[in-house]
Amino acid sequence: MALLVEKTSSGREYKVKDMSQADFGRLEIELAEVEMPGLVSCVTEFGPSQPLKGARITGSLHMTIQTAVLIETLTALGAEVRWCSCNIFSTQDHAAAAIARDSAAVFAWKGETLQEYWWCTERALDWGPGGGPDLIVDDGGDATLLIHEGVKAEEIFAKTGQLPDPTSTDNPEFQIVLSIIKDGLQVDPKKYHKMKERLVGVSEETTTGVKRLYQMQETGALLFPAINVNDSVTKSKFDNLYGCRHSLPDGLMRATDVMIAGKVAVICGYGDVGKGCAAAMKTAGARVIVTEIDPICALQALMEGLQVLTLEDVVSEADIFCTTTGNKDIIMVDHMRKMKNNAIVCNIGHFDNEIDMQGLETYPGVKRITIKPQTDRWVFPDTKSGIIVLAEGRLMNLGCATGHPSFVMSCSFTNQKVYVLPKHLDEKVAALHLGKLGARLTKLTKDQSDYVSIPVEGPYKPLVRVWSGWGNMRYWSSYEVDQILVSIRGCCSLVLRGCFMFCFVFPF
Amino acid sequence: MALLVEKTSSGREYKVKDMSQADFGRLEIELAEVEMPGLVSCVTEFGPSQPLKGARITGSLHMTIQTAVLIETLTALGAEVRWCSCNIFSTQDHAAAAIARDSAAVFAWKGETLQEYWWCTERALDWGPGGGPDLIVDDGGDATLLIHEGVKAEEIFAKTGQLPDPTSTDNPEFQIVLSIIKDGLQVDPKKYHKMKERLVGVSEETTTGVKRLYQMQETGALLFPAINVNDSVTKSKFDNLYGCRHSLPDGLMRATDVMIAGKVAVICGYGDVGKGCAAAMKTAGARVIVTEIDPICALQALMEGLQVLTLEDVVSEADIFCTTTGNKDIIMVDHMRKMKNNAIVCNIGHFDNEIDMQGLETYPGVKRITIKPQTDRWVFPDTKSGIIVLAEGRLMNLGCATGHPSFVMSCSFTNQKVYVLPKHLDEKVAALHLGKLGARLTKLTKDQSDYVSIPVEGPYKPLVRVWSGWGNMRYWSSYEVDQILVSIRGCCSLVLRGCFMFCFVFPF
Amino acid sequence: MALLVEKTSSGREYKVKDMSQADFGRLEIELAEVEMPGLVSCVTEFGPSQPLKGARITGSLHMTIQTAVLIETLTALGAEVRWCSCNIFSTQDHAAAAIARDSAAVFAWKGETLQEYWWCTERALDWGPGGGPDLIVDDGGDATLLIHEGVKAEEIFAKTGQLPDPTSTDNPEFQIVLSIIKDGLQVDPKKYHKMKERLVGVSEETTTGVKRLYQMQETGALLFPAINVNDSVTKSKFDNLYGCRHSLPDGLMRATDVMIAGKVAVICGYGDVGKGCAAAMKTAGARVIVTEIDPICALQALMEGLQVLTLEDVVSEADIFCTTTGNKDIIMVDHMRKMKNNAIVCNIGHFDNEIDMQGLETYPGVKRITIKPQTDRWVFPDTKSGIIVLAEGRLMNLGCATGHPSFVMSCSFTNQKVYVLPKHLDEKVAALHLGKLGARLTKLTKDQSDYVSIPVEGPYKPLVRVWSGWGNMRYWSSYEVDQILVSIRGCCSLVLRGCFMFCFVFPF
Amino acid sequence: MALLVEKTSSGREYKVKDMSQADFGRLEIELAEVEMPGLVSCVTEFGPSQPLKGARITGSLHMTIQTAVLIETLTALGAEVRWCSCNIFSTQDHAAAAIARDSAAVFAWKGETLQEYWWCTERALDWGPGGGPDLIVDDGGDATLLIHEGVKAEEIFAKTGQLPDPTSTDNPEFQIVLSIIKDGLQVDPKKYHKMKERLVGVSEETTTGVKRLYQMQETGALLFPAINVNDSVTKSKFDNLYGCRHSLPDGLMRATDVMIAGKVAVICGYGDVGKGCAAAMKTAGARVIVTEIDPICALQALMEGLQVLTLEDVVSEADIFCTTTGNKDIIMVDHMRKMKNNAIVCNIGHFDNEIDMQGLETYPGVKRITIKPQTDRWVFPDTKSGIIVLAEGRLMNLGCATGHPSFVMSCSFTNQKVYVLPKHLDEKVAALHLGKLGARLTKLTKDQSDYVSIPVEGPYKPLVRVWSGWGNMRYWSSYEVDQILVSIRGCCSLVLRGCFMFCFVFPF
């Protein structure tokens, strides 16, 4: 590939769009820090002890201003960091430039091709001949996937001498993955094995990535421990619910300037993301219709005054369609053909296969008119009517806006760090953010504490559940978790240990 | 005691306020049935097989119109039923009359004294010399408590010949409990032991009752299995969140006719009940201030634009105070003294000790003016200013209004019955209510089902957790639960078995 | 008629349901005073000067607790008062009892027949041989109507000797009116002429009553001046919008205990009343559909996310129907036949002809089952399915609940009094209520005041419009209004003068 | 000045930022047309008759995509158009390019200096030696102001030979105005007189511009008729209320990416703009505090649960400050000094003097850091803390976002055209937008129409008020207005006549 790594004057590698945007990025990072009290408090509290001293961290996570604050929190705690984005559209180029210049190795820009995307991922994982990172901060699981596929290919190669064959698959993206592994294999046939050896674990941010991990765990394919950050309350509720409530209208407005009031918005899925999206659309004056498979979620939607119908019932009447399911094949090209002229179709769930982009792209005679980057009008030849697809079916809040606001990401990101002791858990993350918002907590009296059997200092949700897999789970008490954390990898700092288990740690 | 049991022409026992209200009660029961599709579906589906044939069920649960529909569902499934209320103010007398006349033994009226209350509880438990009920439907745990205390006293008596001594406690309510047990002991020294022997288990509706059960479990004092209905989503979310969102304003308006818009409302606690209350007050136009001990709940309140402060910060500025904590000593008499004239103080949490009623009643020189039943103005001698206390500090939605609406209670009550197979769980309860609201669910395709590893028919939340106690828990898979259910008490029908475990059974 | 006037020990006339409820009424009046700062301030400010000394005031306005505070404000300012209700269901009997005992002549009880209703109206107008009241506080215009019809009949009688003939009309209510006039004529053939002579004017509270006045004005039939209180902002916005937002759910819950969340509610009309109703239903979790004739109001509904359809489109799908139009024939019996079983039908607009009660009552084979007073189930013979009609089609917030809360009524009622000087207007009414709600106003600087040409002390809306009729209007400046007020009826106090014009006085 | 007019190949003048953005602009104009059914319907209905044939129209109104659709509506109806923006930041450069290339003479770009701004205004008014435009579409009144000042200066020059002296004023912007007039005078001493002679009238969009017109009218200085578009319901409610509800969060998010939930937002002023802003902030999860001078507006805020305080009360606690008053000196530099670090300060009212920008700019030692265009951080030397000021204190929704969405502007702009017959009025504008939103209106029956005295076809609000000035007003009936419209300027088409009166025409 023609892509060349560049180096800063201090010799740190990077590949970004435009280094001259570093000053602008720095200004916005400084703004964001004021909005991210959780991360800033981590630096204040843990910085002096340098708990991440010597740790190598690779991140595959949207390279935004908020992520920049996370990266600089990690480096302030002593870590070395290499970073790529986990989405071809989600990088903010000024953020990437500032970090590349000042803090860490970055390989990311807005509008990567798929080929460039995987090149960046491989670069972020490559720490040289000594093996890979100690820790991966993954979002969607692509970095984790690359290592697993790499190890698999290396094993086959060791046994049979056979290189991976990109033509063995129809999936164009997987062809690229195989090519990259093939290239690596020819240079170092133990490259991914070395990574696996060094790796203490991965922390995963998303529902989708977590699901992948569970599936690997179930089949015994999982090569290293993982921690599910997605399911802590301060991540899932804040990132999914409040974050999407903020960023769906943001993305819609930036991409289309459409008036939301008076429109009919269909939200596919009513989990936390869907709840946030539906709330945003409703309060902006849209009429919201929900599609759901789960009767409990459906009943919750009804209790908020939202209609629950199938996509087929409303496809030709609605103005805005947004997928939030984490499942595939939600809006198919046959749905899109029946939509009103200029209906808006977007995805805030996870992968771009929630929307049948392939069906759309290959529809005979369909015409794509790019209004502006990440805003395309697709015109069907038979009806001459067009629909607006945002971010090419990928995450519209990252592609069309700037992702979640700093405050939300501070809640999510502080979780990376805060699993020192499980009893603090989420509650510590939440508490770190209250001062900024002027809140004052009530304290339990000793007498009340006894009455409800909850310690004065918390945790206020009594139960910690930890398990080692989806089908085959086991639960420990909060005390057991402490013991387990202590026993893992004595060489790691306590702070790191919190992240390095394949477990859920969250309040009941 | 001078209370006399009456009998219907068919010989069934009862004690209600006014049998002439039975027709009125019947009309409202018929109305409520239309609103309770879950229970009605249970009768349609399970009625013919009479799964509860021969079972004796005692209920201690607010004797409302909605409960009447539950009782008649149980009798339609074959059970015999005896009932009392679990709150001195919560009985609807026309509901009690209709049930007493038509379906079951009822001992309940609005405005019982504490002495009358415990007499009713004892009556509901007394199935004659053959022992007590097979199943208790408990709410708050008073029926469970009476049996436990009874067994304890019988044991002491058996060993030492000593009768319980009501003067041994300062608590006036507990004095009554001891008196009743003492009276029973003198008639039959094995009365409560027989009950315990026969009892297959108890299902408990409330957080508070569940907590008591856990505490007994932990100390080894729990005498029989129990099922926590409180924590199923269709109970906790619907009853607590949506139910209180409905019934807090209802109770306020019936009791005081106060304009909610423009007022400052303090909601103590921001769990599910608090969330429902805060939403109701906010949407009615009040400014809402939340008090919390838990930083995560506090952050959730802030994300909805609510202020989080301590009670002390706002005690002299707010117009409405509502406790939702499940803890005691939330609003003390010293708070009440500092409130504005005619500030409203009420409790929708659980026991009346959320509000310091004792402190209020014994405040020197305080004057109580009863505006109407369950609405009292208490005037402080020093300031001459008064506060309005609803339902004497007990649950205001039951004391001042009519409790949760039928639709909500249908969600809660259907849970009593639905634990046939855990994989149906909550989802079945929810699904039974969707038709009534005109909702249409989306179906997973086989392909999507594989992609997300969720069966087409559900359950959509993959995990079932079952445990046997608070501190000492264990979890089983959905399959294990099935096995356990099958193995318990072969003599019981499958339907009953679902209820008769001391376990949580709820979706992840 | 067999109705007999009773007398208090001091000789004041009354006819109420139950005098023993006077103490209860007094307690609730005292509560309401705290919620009605506008009226209480009037007493404080104007009481010492007794501006209404010697004035006779007749009121025809819902005899509620809030009206009781109004009546006692009038008597505190020096007036003598006689009162009836303007709706057969709206009286609160304890309020009537307290006023009858303590303050004024009252003829009103909950559940009057139409015959009793008009007897009460006639009693309230009858001040003995010296003629009628100086001022009428009218709501819906029935008192005004009676005088106009009386004068008309007297004129015919004077010319032709002919008495009014009740059989000359099909309208059963108008038959009663004619009977009463006929009876009066036979006693005193100048009774209504004397009333007209003495009467300085009427203040009218409702849109409907105002419309009647305009129609009489246009045809030259209006016999005395009138003031439209309905269209001041503190009346129309507060009473209509905020009042109905409060009292629609209140009435629904008291009458039916139905869960509003999840239901489909149809609001017929989207004026101020409809806006309040729709907001209440939406925030309680219902899905709201609006019917409208006016495209501007329709567009406003759409901007709030509400669907705008015709009644026919949704009649068989909705759960709750509420008319708010002020027009007739909105929900016809043919609509009602198509509704779901137990659909709720109610009216919060004005007259009971918004709902086709006559069509319902005369539907062949229809069966009426009274659940409780003001809550009827009507079952159609063909479908066996029934609908719930509230308050017999009359105002459900008065029939099923207790009308608007005190705070709202304080805004409306203070208008009765406050038109001393038009420049104060509504703004004074509003300002009197701010302190209670803890608000702090900003003051214009002199410089800002000049910049926007608004006086520092207000009025903040620059225009005062006054006119003398609907088709034939004329407008005066604020200054002119002052002059006119001063010139009318020198014998009246300044306070009264504000009320005694046929004019709108409200801010632009 | 060094600015040079450019010409298209067809010879039409223009001055825009970048003609290569014309294609992008065209795509977005086509999108916007789908959202602007009112304007598109005008072209369909009136296009064939070319009612504006031969009319010259000058516009001074934000040169956005939505305005582009308005301009092309005007040209489709036959007019020739010259355009400038009315705000130095509000131009969308791609919109300007598309219009300049395809439809009209445009002089506008984002980020004009004040000198450039007035140069553009003068260019838009200059139609060559034959005088100025027939009609001005003004927004804020700057085009109107320039003609008035020009005429004044020409009169002085004619009498005394004296040229205007820019140094006679301290106001830097007015110095520029005088310079431009001075330059013009030296070329053609009758330039502005000729404009005035030709001009049939001006339509004014904003409250501020309308106020200026009234002040000129009152002093007799107004030189030509004007029509107030601002006060039609479809303009004021939609543009002000719904438009700002949409665009305040849009601007905040684009400029700062700040999380709105959890923040304290102060909205200065609670008129229609303030109501829209407060609703947007509240529903996004902020806690909203309102400042007001008018007690009625204050009471409305309280009824929505908003706190009403003075700016001084909250200046150091709030996170976001937004002015909406139309008055000056709302947020002074002394307020800004006391704000929290990174508090956001913005104006969505009208002129930039709502915020004391001059005080800020001249504060000793203050440091301005431009994060990005229209987003500045101002750091105070004493506290080292900074505030974020948006759009340099000018309209933030235009400076930081893209102004109101197309749908709202379609409501506003269609008013330009629709005053053919006053009885259609606003209602026609509203009706033209209903179809797009899937609404179905209810029709009055003849019987209902008679009952409420409203024609079946509307207008549904019965009154039309027309007057000729603020202090000295007169009102006509709807019929009179028709007559007046017919009598004005027989040479103009009926469509134009609607616009060319100095009058309000709006429903009661």
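Residue numbering begins at 1 within each chain, and the chains themselves are lettered A, B, C and D in the order written.
Following the convention adopted for this analysis, a residue touches a chain if its C-beta (ideal position, glycine included) is under 8 Å from a C-beta of that chain, and two chains touch if they have at least 3 such contacts.
Since this is a predicted model, take the numbers as computed values, not measurements.
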Equivalent-chain rotation between chain B and chain A, CA atoms, steps of 5 degrees: 180
Winner on C-beta contact pairs when A-C is weighed against A-D: A-D
Separation of mean Cα positions, chain D and chain A [Å, integer]: 42
Length of the line joining the C-alpha centres of chain A and chain C, rounded to whole Å: 59
Of all residues in chain A, the ones touching two or more other chains: 242, 261-262, 285, 299, 302-303, 307, 437-438
Footprint of chain D on chain B - complex, ascending: 261-262, 282, 285-288, 299, 302-307
Residues on chain A engaged by chain D in the complex (per definition of touch): 24, 27-28, 31-32, 34-35, 65, 242, 245-246, 249-250, 253-254, 256-264, 283-285, 317, 341-342, 369, 371-372, 377, 388, 401-402, 404-408, 437-438
Chain A contact footprint on chain B (complex, rising order): 211, 215, 233-234, 237-238, 242, 291-303, 307-311, 313, 326-329, 411, 426-428, 430-431, 433-434, 437-445, 447-448, 451-453, 458, 460-463, 465, 467, 470-471, 473-475, 477, 507
